[in-house]
Structure formats: structure tokens, C-alpha cells
Amino acid sequence: MEMDAATELMPESKLKAHEVSVFYGEKQALFDVSLNINDKSVTSFIGPSGCGKSTFLRCFNRMNDVIPSCRVQGQIIMDEVNLNSPKVDPVLLRARVGMVFQKPNPFPKTVYENVAYGPRIHGLAANRQEMDFIVEDSLKKAGLWKEVSDRLNDQATGLSGGQQQRLCIARAIAVGPDVLLMDEPCSALDPIATSIIEELISDLQNRFTILIVTHSMQQAARVSKKTAYFHLGKLIEYGDTKEIFTRPQNEQTEAYISGKIG
Amino acid sequence: MTFLLSNVALLILTIIFGFVAYTLAHQRIRSHVARDGLKAHSLVKYYGVYAALWTLVPASVLALVWAFVADPLLINAAEARLRLAYPSLPPSFLDLKAAQLQNIAAGFIDAPDEIMAAEAAALKESMNRVDLARVLTLLTVMMIGFLFAFLRITPQLKARVAFEGFLRRSFFAAAVLAILTTIGIISSLLFEAYRFFSEISMIDFFFGTHWSPMVSLREGTEAAADEAVAGSSGSFGMVPVMLGTLLVALIAMLVAVPVGLFSAIYTADFAPRKVRNVIKPALEVLAGIPTVVYGYFAALTAAPFFRDAGVLVGLDVSSQSALAAGGVMGIMIIPFISSLSDDVISAVPQSLRDGALGLGSTRAETMLRVVLPSAFPGLVGAFLLAISRAVGETMIVVMAAGVAANLTINPLESVTTVTVQIVMLLTGDNEFDSVKTLSAFALGITLFVVTLALNIAALHVSRKLGQRYE
Amino acid sequence: MNDHHEIVSSSAGVAGLYNAPTSVRMAHIAAGLKKRRAASKRLRIYGIAAICTAVGFLCILLTTIISNGYTAFQQTEIAVTIDVPADEIVDANGAIDVEKSRNYNWDGLVKRSFRKAFPEVTGMLEQRSLGELLSANAGYDLRLQIEAAGVVPTGAVTYWVKSSDDVDMLMKGRMDRSIDEKKRRINDAQLVWFDSIVADDAIRLAFNSTFFNAADSREPESAGVLGAIVGSALALIVTVVLALPLAVMAAVYLEYFAPPGRLTDFIEVNVNNLAAVPSIVFGLLGLAVFLGFFGMPRSAPLVGGMVLALMTLPTIIIATRASIRAVPTSIRDAALGLGASPMQTALDHILPLAAPGILTGTIIGIAQALGETAPLIMIGMVAFIVDVPASFTDPATALPVQIYIWSDSAERAFYERSSLAIMVLLLFLISMNLAAVMLRRKFEKKW
């Protein structure tokens, strides 16, 4: 594989995307995107709606497979394995790369069962005690334990929006992934819940590699170390968050940042 | 029938009158406008319609009422006279005499004796007189209606508003018809059932375990004594009948639920779009086949098949087994369950599936652990509706199940169901009043209540349980 | 969905796999993957099996019907040479005297003529047995044929006379000749005669036109579905005439003019409930109210149509409401904005646009009504009617009821005709549903 300097495997790179293109039927949604994601840090994807950032995010856990007309070209490398190869089992992949969605989607089960779902299907707990431990640990890591420790057997749908989203985060963590993909996790939440989750994300980056898609530049600025700006399916600029927001190199980036477009 | 013949002539006459009314009103408003120089409130045609409606509608309503009420009244009067003329005849024979009288009056048969001949002549004459009275009354009513409308026609008259108000009220009446139908069902069933329960106690009916409705037509104590001796008294315990219904319904569900549910799982989430577009209509075809065809299949193919298969295996399978009837009924219900289940499963939000897949579930795990539990309330509702359908189904069981009530849960034996009994009791030469035929109405109202309860339960389960998951 | 996997040695204490290094965890998950994938495959197979079962049932059903019914397209006929004695039938001028014709023993003539071909058959019992090979209505058929022709042919003419239904079944290979004579409907002597007729080519299978232009009859070979079809048609005309306007009016009221409140809710609840009431209950309603209380004629298509109209009403109301709702509100707003009254808007603007959907729903409702049997049985359309009904109040039967009646009878020939009647019924239903689908496609507008 020929690689140019910009995408060479660096010691901290967890994920490497190399010329990734995505097609919905005949229509191309993503054009040859290449970038490196650093390990144990938060990277955000920003851009106006329809620019392909969610599509790109979904490449990392092969969720695009679910859409029948979708075709993904290019390579996504994690631990020297191309995730886009047909030999990689998506089930196995998703146990390493977890996802949190835009609208909180807890299962219609109890809080406990929601968190226990992942470990259960993958067989990660040998007995009840181990499962209890996993559930408690995940909820603690998601900052939700204190609020639900006495409500573990209540229906998850009874929680508030922000609590539900943290539950979804706990659910994803329970499987023990390395990477967490977050697709606009706060867009359906109120400001208080949003700030709680942003704080959580800052904590979580010590344990996980986090990719977050957000439509709020302020959020990207608050939360992430590196930012990628997308526009109409192309990666326009990628760099340290501080640089992107204060000294963008591309005039399109600058236009978006200053609100001229989007 | 006397009323039909003159009706046609009257109808034509009425239509002509309507046109006349329309035209006259048309002219009147025109002349008014020209004379007074004012602008009419509504378009000219509405004044014509206004007049036509006032001419036709009251008369039509009266004609309809007359048609339904007049003949029965006349016949009742004739029956009263017959009762006087033949004092010794029991009531059942009087009904026959009354029918005979109508036929004599209509000229279909000749009178057997002078009394009948005289009565028939009298009936015919009174019918003719009433007919004449009817024609005259209707004409008068039309006249009055027309004049009333005609005189009110001025440019200030809001003809269109009046017309639209009339339409709105008619629409309302049509909508209320739905309630009237329900009321009609309940009250007619209740009325007959009440007559039944005044002779047979409710305890005996609802909890009795012996169903054998053979009551002799002969009345009087001698007959009753004979019957007691012969042992053929009527017993109306409906437990075996209801049990038969439930047994057949259960067998039907055992066939339909696995096939229907798994079909739905496949078409909802596993099948490629093209396959789904072919399979769904194919299953709909099963739904469109009339139940009499299923009954034919059950009686002439399935039942002998099970009986012969039983012989091969060494089991004694009745030629009217609950298995055959229930099995074919199950086939009929398959599309019902698969279609409803598909709708319910497809209604589960994609976000739940995405959540499960994102955690690394396989498709089976997503379906069985997340989608189906989420769809559970709707599925239960669908199953309850299917049971309701099975309980109310008639033709398959009439043709393939038995007539004798048998208290058993063995599917290889013959059982009877509520619907079969209703049909058997009301077809055949039974007069309307005997306890036997009334028991059919008691069964009927039981059936109505049971299916209604199942339907309401289905609705509540889907809503209430669904809310828990919101 | 196995929850009990083996746990690799837990170096990290509780929740061994959870805290184990990634590679260990992944290996464990990978090991369990095969079973889980197999479960997915099994589920898929169950789904396909279920669908195949359902489709299989459909195929068996249709195959049974067709294989039993296709032979009913034909009716066996036997050639009989008959010399009709003109002087017993005609009047002084040579034209056919109906009175004389009615009184003449046609049946005897046919049977006598037939016996001439079998001079060896003597004895009353034997001769009667021979005569049973012909239809019991053979004489009646001949009489009608001669009367229709208007003139009696001179000399002997060979007529093709309908055979009895037993011979018909024999000819079509539907009778088992090998079983014991006592269990058969054709005895050994008759079999011999039958074989000789076949050898003489004096027997043929002709198109069963009787099936399509006659009403019911005691003899299968004289029975047809015309009476039932006309009865069904008359009933359905009544159904449409009553149900369509009332349903549309009710639907327009509920969509546009009903004030929100308990009465409206109650009406809607009733409409939805009535759609799920078993059909036999409607039959009971018809029996108790239309026949019992109003004294309407039993077995009449008018009453049948009224009962079916009550059953079809909810279906059409629901379909109409859906069609009305599908019309975009912008059209309604535009009309109102131009000064049309709500009634004018509904009638002149919305209804025409909703018409295709209403029509489709009506056709589907009528198709369902065509297949209904139980309520019609309740109001008496299950009698043995030998005349094709001529008015809405003549006693009649309906096609599905005719199928029911024939399925019940002992004669195998009725079984065969019942199957053919089912094919006719299914043909009607398929055409109606196709028409509805085509209508929907043709007029479907994508707003």
C-alpha cells in the first residue's frame, strides 16, 4: 500500500482513513477522505448539514452496511487491519467500536437490562455477580450510577432525555470498546444535559478514542483536541481544534467558522 | 308484492313532480329578481333545489315508513280475525294460515274453504283501499310541501344555506346509522335472548354441560310427558359448545401463529425489497379467499385426509374432527396474523435496531431480543384479534365440524361450535318462537359479547402496554 | 443466545473478561460468534419455511379446487335415436300444442327409444336399471328442445341426451369400478351396458352449457349457477346502492362536519367495532329485524343486499376517510379561501379528488361481500331455488351459498360442480381485485 506522508502510521494513531468514498446508489456522498485519528483523545467532525460527516462516522463501525444501497470504498485501518474488508466481521468490529446516536434510543427494558445487553450477547459475564459489576462500573463511568442505583429495575424509558443518553453511553461502554463513535449526541438534549455530557466526554477520553460529529462549533471547540471540517462530502481541513478555530488555513473553513455559510 | 308494482308508477310520478317543482321555483326567483331589482342570495339553481327537496323529501320519508308499516299492520289485523275464525288452532298454525291468506289474496293459490276465501277477499280489498289512501296522501303531502317552499321563495331566502343544512343533517344521519346498527344488533339479540331466558335459566345456559336442543313442536302437557318418557327433552347448557369453539380456535392459532409470525419476521426485516413486494401480495391472496371455499376444502379434502392418516397410524380420527376444521381455519388466519405482525414489527423505530446493531448484535439477536419484545404489545393485540376472528368464523366449521355437542379437548374428536349451532338452529323447519330457535339468539349475543370483549382487549393491550414502552 | 460462555482465567478479579486485555476479549467473542451467526441463519430459514408453508397451502388449495372442478366443464351425453310422434304433440294446424306437449310422457318416449338399442334387456327391473343411465330430466330437456324448435321433425332423429350424473362420473373416470358392487352407484349390468355404449361411440363429453345458463336442480346434470350468479348480482346491486352513498356521507360528516366531542367519538368507536363483528351476527340482525320485525320477504336479494350493506358500510367509511385525508389540505384551504362554503368544498373539490380511492375501497368491500355466506344463510337465501330470480324480491340464492349447498350433497357430480362454482367465484373476485388495483395505480397521484 502506497501511503503519503500525511497519513503514515504515527505512534498515537488509533484509526487511519485512506481515500474513503461512500456511494448511495449512483450518488456519491463522500469523496476520498483521508485522515488519522489519535488514540485516547476526542476528534470532532463539523460541517453544514448534508456534508457527509455522519456518513463518514458510520464507516468506522460498518453501520453503513445496514443501508442496502450503500457502497464504501477505500480503507479504514485499525491495528493494521482494514475494517472495510469483507473479511472483517461487523459483529466483532462493533464490540470494539461502539456508537451513541443522535436521539437517545434505550431499549424498552429496565435500566439494568439495557446496560447488560451488550455483555450478555457477547458472553462477557460468567455469572450474575460479574454482570452486576459490569453494569455498575459502566454506569459509574457514564456518570449515571448515583442517579439510577436505586432504579436499576425501572423501565429505561422513564428516565429524562439526558439520563437516557448517558444510559446509552453506559450501554456502549459495557462492551469494553476501544473507540466510541458519537453522532450528534447532544442535539436532542437541553443545555444542562448537554453540558453534563460534554463533561463526561472529557473524562472518557482518557479511556477511549472518541469521534464526535457535531453541528455546534462551540461544542467542538469545548470538547475536542482535533477537528475535521467537511463540506459537500469532501474533507476541507483537519487539524488541532485551536488552530482550526483561530487560524483556519482554508477559506471555506473560515467561511463556515465565521458563519458566512452553513 | 303489492307495494312494488304501484311503487314504480309512484316513483316516476314523484320524479316528474320534482322536476316541475324545480322549474316553477326557478321561474319564480327569476321573476322576483327581475321585478324587484334585488340580487338573490344564492345561485338560482339552489332555489329550484330547495323547492324540489321540500316537495320530494317529506313525501319520500312518508312513503318509506308506509311501506314498512302498512302491510304488517294489515296482516296483523287479518291474523286477529283469523284467530277469531279458527279459535281452536294453536298459534304456530295461525302463522301458516296467515301466510296462506297472503298467497290466496295475491292469487297464487286457491282458497281451501269459504272462511279463507272470504278473509282473503276482505284482505285484498282493504289492501287496495290502503293503497289508494297511500297514493292520495303522498300526492297531498307533495302538494303541501311544494306550496310551502314556493311561497317562501324570495331573493332574501338563503336557499343555498338551507340546502347545505339539509345535506349536513343527512350526512349526520348516515353517520348515526353506524350507532343504529350496533343498537339494532344488541337490542334485537337481547330481545330474543330475553325471551329465551324467560324459559331457560341463565345458570343452566351458561354453566350447563349438556347441549341437546331437541324440543318437540307439540305443545301441551301430553307432549311434555311423552318427551320425558322418551328422554328427548331439550337441554341448553352451552359449555360444550363454547369449549368446542375454543378448541377449534386454539388449533387454528397453533397453525397460524408460528407460520404467520415467522413470515412476518422474514418479510419485515430479512427479505430483500423485491421479495417482500412479491410475498406480501401473495399472502393477501390467501386472505381474499371466501371462507366457504376454505370450508369446502376442510370438509372434502382435509377431514378425509386426517381420517385416513389416522387410520394409517392407528388412531381413530373422526370424519368431522376439530383438527381438520381448526387446521383449515388456521390457514385462513395466517395472512391476518402475518399482515398485522408485519405492520407492528415494521413500526418499531429503526433507531432501536441501529442501537442493537451498533452494540454488535447479530440480526437474530436484534430481532429476538430487541424488536420483538418492543413489538410485543402490538403482537398480542394482533393475536387477540385473530382469536376473535376464529371464534366468529362460521362457514369452515359449519362444513367441517360436527353438530353434536361433545365435551372434550381431544382434537381428534368431533366437536361443535357456537356458530354451527346458530346456523343449525335457525335453518331448517323451525318456527320463530320455539325455545330452540331462541337459544340461537342467546348463543348469538354470547358470541357478540365475546368477540367484542376480545376486540376491546386487543385495542387496550396494544395501547396500554405500548405506552409503557414510550 | 447462549449466556454461559467459558471464562478465560480472570487475572483482574471480578468481571474477568470485562477487565481483560482487548485481544483476550476479542478472542472470546470471536469464539462464540459461530453459534450466534448460526442462530441468525436458522431464523432466516424459519422465516422462509413459514412463507413456503403458507404459499404451499395456497397452492394445495387451488390445485384441489381446479383438479376437482375442471371436469365439470363437460357433461356426458348419450346418443338416442328418437322418433317423436308428431300427432301426439301438434294441434290441428301442425304447430306445437303446448297443452298436449305438457301432458305427453316425454320421459317414457326417451327411455323407450333408448331401450331399442338394447333389445336383449327384458324385465321391468332390468329395463328400469337401463333407463337410469340417462338423466332423469332427459324427457323434460327433449320437450323443451322440441318446443323451442317449434316443429316436430319427421322420422327418427338422433338426439344427444344428458346421461345421469353417475354415468357422467363414470365417464370422467371419477368412479372407482373396482370396489364392491353393493358400494357402487353403478351396478355390474349397467357397467356392461355402459361399456357397449362407449364401444359404439354413442357417448360423448360435451360442453356443460347447462352449468352457465340454468339455476339449481335436483339432478346435478341439470343444475347450473346462473340463478346463484343473478341472485348475488341483485344483492350486490342493493348493497352498493345503499352502502356507497351512506358511507360517503358518513365519512364526509366525520371528517369535516363532526364537532369534536363524545358523540363523534362514540360514532367512530362504533364504526371501528362494526368492522370486526362476526358476519353471522349481521345475519342474526337481518333475521330478527328485517324478516321478523319488518316482515320482508325471506330469501330475497333485497334483504340479503341490505344485510351485506350494513356489513360493508364500515369498510367503505374507513376507505373513504383515508382517501379524503390523502387529499392535501392546501386544496381545501384554496377552495375555502375563494369563498366556497365548507359543503361546497367537500362536495365539489375534495370528493372528486378522493373518488379513485373511494371507488377502490368500494370495489374491495363489494368483493368481500360477494364471498359472504353466513349472513345470507341466516336470512334464508339457502333454499332450493330452481328459477333464476327476476326481481329483487324473488326468492334467490347467492353464489357462495350455492357452493355451500352443493358441497353438502351426496352426489359426486355436485362435488365436481361445486368446485367449478368456486372457480367461477374466484374468477369474479380476482377480476374485481385486479380492477381495484389497476384503478388505484391509474389514478394514484403523488401529491
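When the chains are written out, they are named A, B and C in that same order, and each has its own residue count from 1.
The working rule: contacts are C-beta pairs under 8 Å (C-beta built on N, C-alpha and C of every residue); 3 or more make two chains touch, one makes a residue touch a chain.
No experiment lies behind these values; they were computed from the predicted model shown.
Colleague: Given which chains touch which, is the overall layout a line, a ring, a star, complete, or other?
Modeller: complete
Colleague: Look at the interfaces B-C and A-B and say which one is made up of more C-beta pairs in contact.
Modeller: Counting C-beta pairs in contact for B-C and A-B gives the edge to B-C.
Colleague: Whole-Å distance, chain A centre to chain B centre, using C-alpha means?
Modeller: Roughly 59 Å separates the two chain centres.
Colleague: Could you put a whole-Å number on the gap between the CA centroids of chain B and chain C?
Modeller: 19
Colleague: Pull out every residue in chain A that's touching 2 or more other chains.
Modeller: 91-92, 95, 121-122
Colleague: Find every residue in chain B that makes contact with two or more other chains and list them.
Modeller: 360, 362, 365, 369
Colleague: Going by the contact rule already set, what residues in chain C reach two or more other chains?
Modeller: Residue numbers touching two or more other chains: 1, 29, 36-37.
Colleague: Chain C touches which residues of chain B in the complex?
Modeller: Those residues of chain B that touch chain C are 1, 4, 68, 71-72, 75, 160, 164, 167-168, 170-172, 174-179, 181-182, 184-185, 188-189, 191-192, 258-263, 265-267, 270-271, 279, 282-283, 285-286, 288-297, 299-301, 331, 334-335, 338, 360, 362-365, 367-369, 385, 388-389, 391-395, 398-399, 419, 422-423, 426-427, 432, 440-441, 444, 447-448, 451-452, 455.
Colleague: Name, in rising order, each residue of chain B that touches chain A in their complex.
Modeller: Contact set of chain B toward chain A: 272-273, 349, 351-362, 365, 369-370, 373-374, 468-470.
Colleague: Could you please specify the touching residues of chain A with respect to chain B in the complex?
Modeller: Within the complex, chain A contacts chain B at residues 61, 63, 66, 68, 90-95, 98-99, 101, 103, 105-109, 117-118, 121-122, 155, 157, 168, 171-172, 175.
Colleague: Along chain C, where are the residues that touch chain A in the complex?
Modeller: My answer: residues 1-5, 7, 14-18, 22, 25-26, 28-30, 32-33, 36-37.
Colleague: Given the complex with chain B, which residues does chain C contribute to the contact?
Modeller: Listed in rising order, the residues of chain C that touch chain B are 1, 29, 36-37, 39-40, 42-44, 46-51, 53-55, 57-58, 61, 64-65, 68, 245-247, 249-250, 252-254, 257-258, 266-267, 270-271, 273-274, 276-282, 284-285, 287-289, 292-295, 297, 310, 313-314, 317, 341, 343-344, 347, 367, 370-374, 377-378, 382, 391, 393, 400-401, 403-404, 407-408, 415, 418-419, 422, 425-426, 429, 433.
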